[in-house]
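Once you scroll down, you'll see the structures, which are given as structure tokens.
The same chain A turns up in both complexes below, where it pairs with chain B and then with chain C.
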Partner chain A sequence: METVVFFANIGLWTCVAILAVYTLRHYFFTLNRLFGKHRQPYVDVLEADWPALVVFVPCHNESRVIRDSLDALLTCDYPPDRLVIVPIDDRSEDDTRDILVQYANDYPGRIQPFLRDDGIPGKAAALADAMEFHQEEVFLIFDADYIPGTKLIKQLVAPFFDPEVGAVMGRVVPLNVSRSLLTRLLDLERSGGYQVDQQARMNLHLVPQYGGTVGGMRRVALEAVGGWNLDSLAEDTDLTMRLVIAGWEVVYQNRSECYEEVPETWESRMRQIRRWATGHNQVAARYTGDLIRNSAKLPFRQVLDGVLLLGVFVIPIVLLIGWSCAIILYYAGYPPEFNRFTILAIASFNTVGNFAAFFEIAAANRLDGTRERIRMLPFMLLGFLISAITVCRASMSRKSWFKGHTMSWQKTARHREDRVTKKPGRNRRAKAGTIA
Partner chain B sequence: MPRATGKEGAAGKPLDALRNRGFRGGKIAPHRAMIGLPISWSLAIDMVVIPSIFSVIVFLLMDPLMGVWRTMLEGMQTPMQLPGTVGSTFYDLGWYRVAVPTYTAIAEWPSGPQLAIGWVVNLLYLVIGLFLKGPMLPVGYLFRFLAAIQCTAQLWFTFADPPFTYGLPEYTSGLLVSGTVILMLASFLVGFTFNIFDFSIWKKLLLTTLLIGHLAILFPLQAAVHAYIIHRGTLLAMPVLYLVFGILTDVFVYVALYGWGMSWRSAGTLDPFIRKPPVNPPRYPAGRTRPTPTPQSVRAITPTMVPIVRQVGFRMDDES
Partner chain C sequence: MTLILPPWVAFLGVLFLMLLWLFLPLIPAVMELVKPKDAAPLNAVGSDSGNLTFFAESFTARAQREGLFNDPVPEKLADGSPVLTHSTAKPLPIQRKPFTDFVVITDNARFAEGTEFASECLARSTLISVPNTTFRTLLGVQDVVLAQETTMLRWVHVKGHLEVASNSRLLGRATSEQSITVGPQVVFDRLSAPVIRVGNEEVEMSPVLPIHAYERFVPDDGRLLAPQYYRIDDDFTLPASRGLSGSVVATGKVEIDEDSRVTGSLKAHDTLIVRAGAIVDGSVTARGPIRIEDGARVLGSVISEEAIILEGAVIGAPGHPATVTAPLVRVRVGAIVHGAIIAAKDGKTVV
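== the complex of A and B ==
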């Protein structure tokens, strides 16, 4: 029994130390975002000799949402003669391909679909194939359910005038917030993730994460780090890490907002988290060592932030181990009596430690001006619980840590109203009549 | 010639005033991506001085507070049919000794039938957890989590030998001692996470008072309910109450109050819906022809979240 208690003690205090680091990180990022100097060096670039640009929109069974995305891209203010929109259809089984062909006919030259019927499935492989047909220096990527604003494209391209910038990421804002409790909670969570986390990393010259959508990349940077990693489930994090290790700068543009559809059901959300966790852990397994080995070439703060970023999806496992150790020690009668230091330590850690994430989310929403939504804060417990359990499950799978799995399209279910049967042209008339 | 920045001393101040002035003297609110809070010396007051004052007040009121807790526990003892009396546990808070009240009632080691009932309850948690789907899925996982914790208690009390490390009186007093520590810390948590925002001093004082007041009433009630359940349901109920419904519940009380407080209007930098017009708005030069309003200009002077009541003629191409 003494041996079990000994190891449970070591386990518990190790977990507490790791969690304390992440707690401090939450507080530090939030305080930096609230009081620090905002680093948004490219947001004032409004007029320039804009480079030729290609926008890729990977699709797999996206008939419910792709029209909105293409309509929005067509109305952006980027010079039309320098912009090509390339929707990539990879083996869709619904009407996606017909819609793309229809748009290509309606907007010849501006929309050039890339239709794919074989090869390795998945977003990264589809992008790699499509890129071979386009030689533009800069390219942007949007998922098919994303609706960019008119000025977004220019905002995302502006940082590429800086030759050290390898990738750019914009902010994702949910558009279906009022659909369910889950969508409201995801809105709070996204706000915390972008308004605070990403911007604080940008302010502090750390590692802003390229998220695989609402972002772009410089071709030469991509080629310099070896192109797309076709067997990665999180090609975005994979690429972020390779760019950082190679010394390229990844930029986050908080001002560049794009609207997305977040999952509306818990089942769909769990599938999304499982995919993210598996992919993220794959990247952690591959690049944590490289990041540390390159620490001589990189600023220490970037290495530290990179390692912490890669460890984000390991935290639920740390929590699970911590809880298990705490339960063992509880039954074993440890601490044997409530002394002052123990009570102070437990009470402080429980209150301050557990509260860090809530503080970050509340601060982000206050910055966003969505103050009434902050009343939903206690319900975040439900989201945290689902995330923790799903991440634990995903992290325990072999796929998370080892190579050699089969790639397939991993998609989040779309819930937007079915617009496939709508009469042609109705959408465009509706847009023309909008005064917004 | 260098460009004027508006920060060149007294001569540059008018430029600062004009920087955010909009149409008709309204204020142009910065985009949410650009917004932040200024650092000032008043932060030290908000984060340190106010919490310290509250902490000292709580400290000074500790004896009367323990008296109130004792009265509450005594008041609830008869309706809950708890045997014994309300005793005291002495706890050193710095150089100060606090007599924390506690029930002297004891809880039994679970018998065979009680363990069997416990397994049935545990199974019930699990079944509910597995059957709740769709929008109730997270609640289902909450039940599964409870089932997992309760399962550890079932296994422990099935295979271990009495006595259990914790008795009911020590458990209750431990809960209340933790409560006194949290009461001392609560104002600093508010200071660090709420007072740093641009709320008025009254709102900062109000939230701190609400939190401390709420917790001061909650702790003895929580201890009494726990004591009742453990006394009736044997020691089998103690682990799940301690691990899930103890300090974790108290933290969520703060989360809920904090969420409410953070939704209050601040009338400061972070409240974009309040755009007070200047007291003496600049007048349009007399004699100059006023420009015709355009849809853009009408929208520019219409505050956010207020519906546009004036319809401006707007002819669309495809209607012609």
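== the complex of A and C ==
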């Protein structure tokens, strides 16, 4: 019994320590955003000799949304002679392919679809195949439901004038906010994640995460770190980590905002989280060691942030272990050691720690200047609980930690019914913004 | 008399209060959910960001709609507000208070020194202002010469050449479709034109020689991030008159010595100096201050997170625009920038 109590004690205190670190991290990031220096060195690069660019749009059954995305890309203000749009159709079963062919005919040279019927399924493999045919300096990627603004492409390319930048990430803004309780919660969550988390990492020279869409990479950097990892479910985090470990910088551009369609049903949201958690944990298993070995001589703060970033989807498991240890200790009649300190710690955590994420979201909404939507904050508890359960399930699966699973298209259901952009004129650059 | 409640009533009372306490924060949440007040997508796509001539374009469109380019100039706008006309034949009255109405300047007639325009101005012919004038906004259809100590409060856009004399203040945006010449001691925020010159002095530039004309230099203490991308975990100095093929990222200071050449871009985590006569074909970025000395050339953009001191150097080239951007920018007489100069906090030309 003493051995059980000993290990339960160690387990409990380890879990408490880990949770405390993440709590501090939340507060540190939030306070940095509220009171720290806002770092956006590339946002004013307005005139430049813009490099040759390819925008890839991976598609799998995207007929509901792909037209909006392509129309928005066609109206961007990037020099048309230096921009190629490559929608990648990977085995769509709806009429996505017909739409792409139609656009290629309407905009010859500007839209060059890549049609794929075999090979490994999935976004990473599709991108790897399509990129083989391009030697341009910069690659940007947008998911098919994203609607970039007119200025967005230049904003995302500007950081690549810095030779240290390997990848860039813009900000994702939900378009279908008003559709349901879930979409409203996701809107709050996205605000916290981008306006606070990502920008704080940018401010503090830590590890902003390339998120696989509304972003891109320098071609030579991608090649130098070995290209796309085809068996990764989170090819974006996988690439972020390999770039950082190699010594490249990943940059977040808070002003480079792009609309997306967030999941409208809890089922598709849970599927999305499961995929993220599984993929993220795969990356953690692969690269945590490399990051700690730090062959690129990264500053300690960057390594620490990288490790904490890799560990975010393990937190629900840590919480579960902590609860289990506490229950074991309680029924064994051995309360945790340092009793008064424990009570103080639990009280502190209940009053401060549990609210770290809420504080972060509230701060993000304040920074965004949105006053009323903050009233939805108490409902975030529901979102967190569902996320925690889903992440826990995903994190305990074998797929999360071991190689050897079959790749398939894991995509979020689209719900859009009406067009949100106007169709641009053929072979010309529209000037006005296109969001209806 | 003491009221004694049965235990089950007390229990229910406490339970009710507890649930009320628990659900109190949910009341505004439920109200927002049932009757949304703030459920629109964030206004993510700003149409004026990244476009320095946005206001000028809107203004031009409005002036065309209102017929302000026609003769005679209409006396009122569509919304009923009056339009003032200034010409040799019909000059504006001399007054101490600012002109608050829309002003159309139809010829090169001068106005009184110290005039203040608190509304939009349209200059339909070449405008040569007098010292100590204050404009809110100014659209120049031809050339515009702003005399000493002019203050521009929001923006000036000129289709021809824009000349700004010393000790002026260009708050906001100053843009030209041809060229801008700025005198010394001019405060500015954002300048943009195919050519921006500070002063009229010509600085002697070193010739641009092919890279093989320089003695080849390879950083021996760096490692390759990718082919021709060197990362150096220390300071980096490219010795004088040497040529480096590729880009360099250094975690310390970077110094490109006199008359040397780099074919790629540079990044310093600390300060970065491009010495006199040196040439950088790519961009120059630093977390610390950047100094580009006399006679140096940088073909790409110059980006600092702290400050840029641009001496008599050339940034960009005709047909290859570039941006000079930092919180603090000082541009010396003799400097030429093809593109834009953006000072987020404090920009000034100096002697």
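The rule is simple: the second predicted complex is superposed on the first by the 394 of 436 C-alpha atoms of A that agree within 3 Å, B and C clash if a C-alpha of one lies under 4 Å from a C-alpha of the other, contacts with A are read in each partner's own complex, and residues count from 1 in each chain.
The rule we apply is simple: contacts are C-beta pairs under 8 Å (C-beta built on N, C-alpha and C of every residue); 3 or more make two chains touch, one makes a residue touch a chain.
Just so it is clear, the model here is predicted, and its values are computed rather than measured.
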Handout entry: Clash or fit (per the criteria above) of chain B with chain C on chain A
Key = clash
Practice task
State whether A:Leu367 touches chain B only (first), chain C only (second), both chains, or neither.
Solution key: first
Practice task
May I ask you to decide whether A:Ser178 touches chain B, chain C, both, or neither, giving the answer as first, second, both or neither?
Solution key: second
Problem - Partner chain in contact with A:Ile327 - chain B first, chain C second, else both or neither - result: first
Exercise for the section: Using the superposition on chain A described above, determine whether A:Phe359 touches chain B (first), chain C (second), both, or neither. Expected result: first
Practice task
Quick one: classify A:Glu47 as touching chain B (first), chain C (second), both or neither.
Solution key: second
Practice task
In the overlay, answer first, second, both or neither for which of chain B and chain C A:Met1 touches.
Solution key: neither
Exercise for the section: Mind working out whether A:Leu385 is in touch with chain B, chain C, both or neither, as first, second, both or neither? Expected result: first
Handout entry: 127-135, 199-207 or 343-351: stretch of chain C that collides with chain B
Key = 343-351
Completion exercise
Contacts of chain A common to chain B and chain C in the A-superposed view 171, 181, 255, 257, 368, 371-373, 375-378, 432-433, 435
Handout entry: Of all residues in chain B, those that touch chain A in their complex
Key = 31-39, 91-93, 134-135, 137-139, 141-142, 145, 149, 152, 156, 160, 165-166, 170, 173-174, 177-178, 181-182, 185-186, 189, 193, 196-197, 239, 242-243, 247-248, 250-252, 254-256, 258-260, 262-265, 270-273, 295, 314, 316-318
Problem - Of chain A, residues touching chain C in the complex - result: 39, 41-42, 44-49, 77, 149-152, 154-155, 161-164, 166, 171, 173-178, 181, 184, 191, 218, 220-221, 223-224, 246-248, 255, 257-259, 296-297, 368, 370-373, 375-379, 432-433, 435
Problem - Contacting residues of chain C [partner chain A, same complex] - result: 25-26, 28-29, 31-33, 36-42, 44-47, 49-52, 192, 223, 225-227, 229, 231, 233, 247-249, 251, 264-267, 282-283, 285, 299-301, 303-305, 316, 320-323, 325, 339-340, 342, 344
Handout entry: chain B contact footprint on chain A (complex, rising order)
Key = 31, 33-36, 38, 40, 43, 171, 180-182, 195, 199, 254-255, 257, 265-267, 326-327, 330-333, 336, 338, 340, 343-344, 346-348, 350-352, 354-355, 358-359, 362-363, 365-369, 371-378, 380-383, 385-386, 389, 429, 432-433, 435
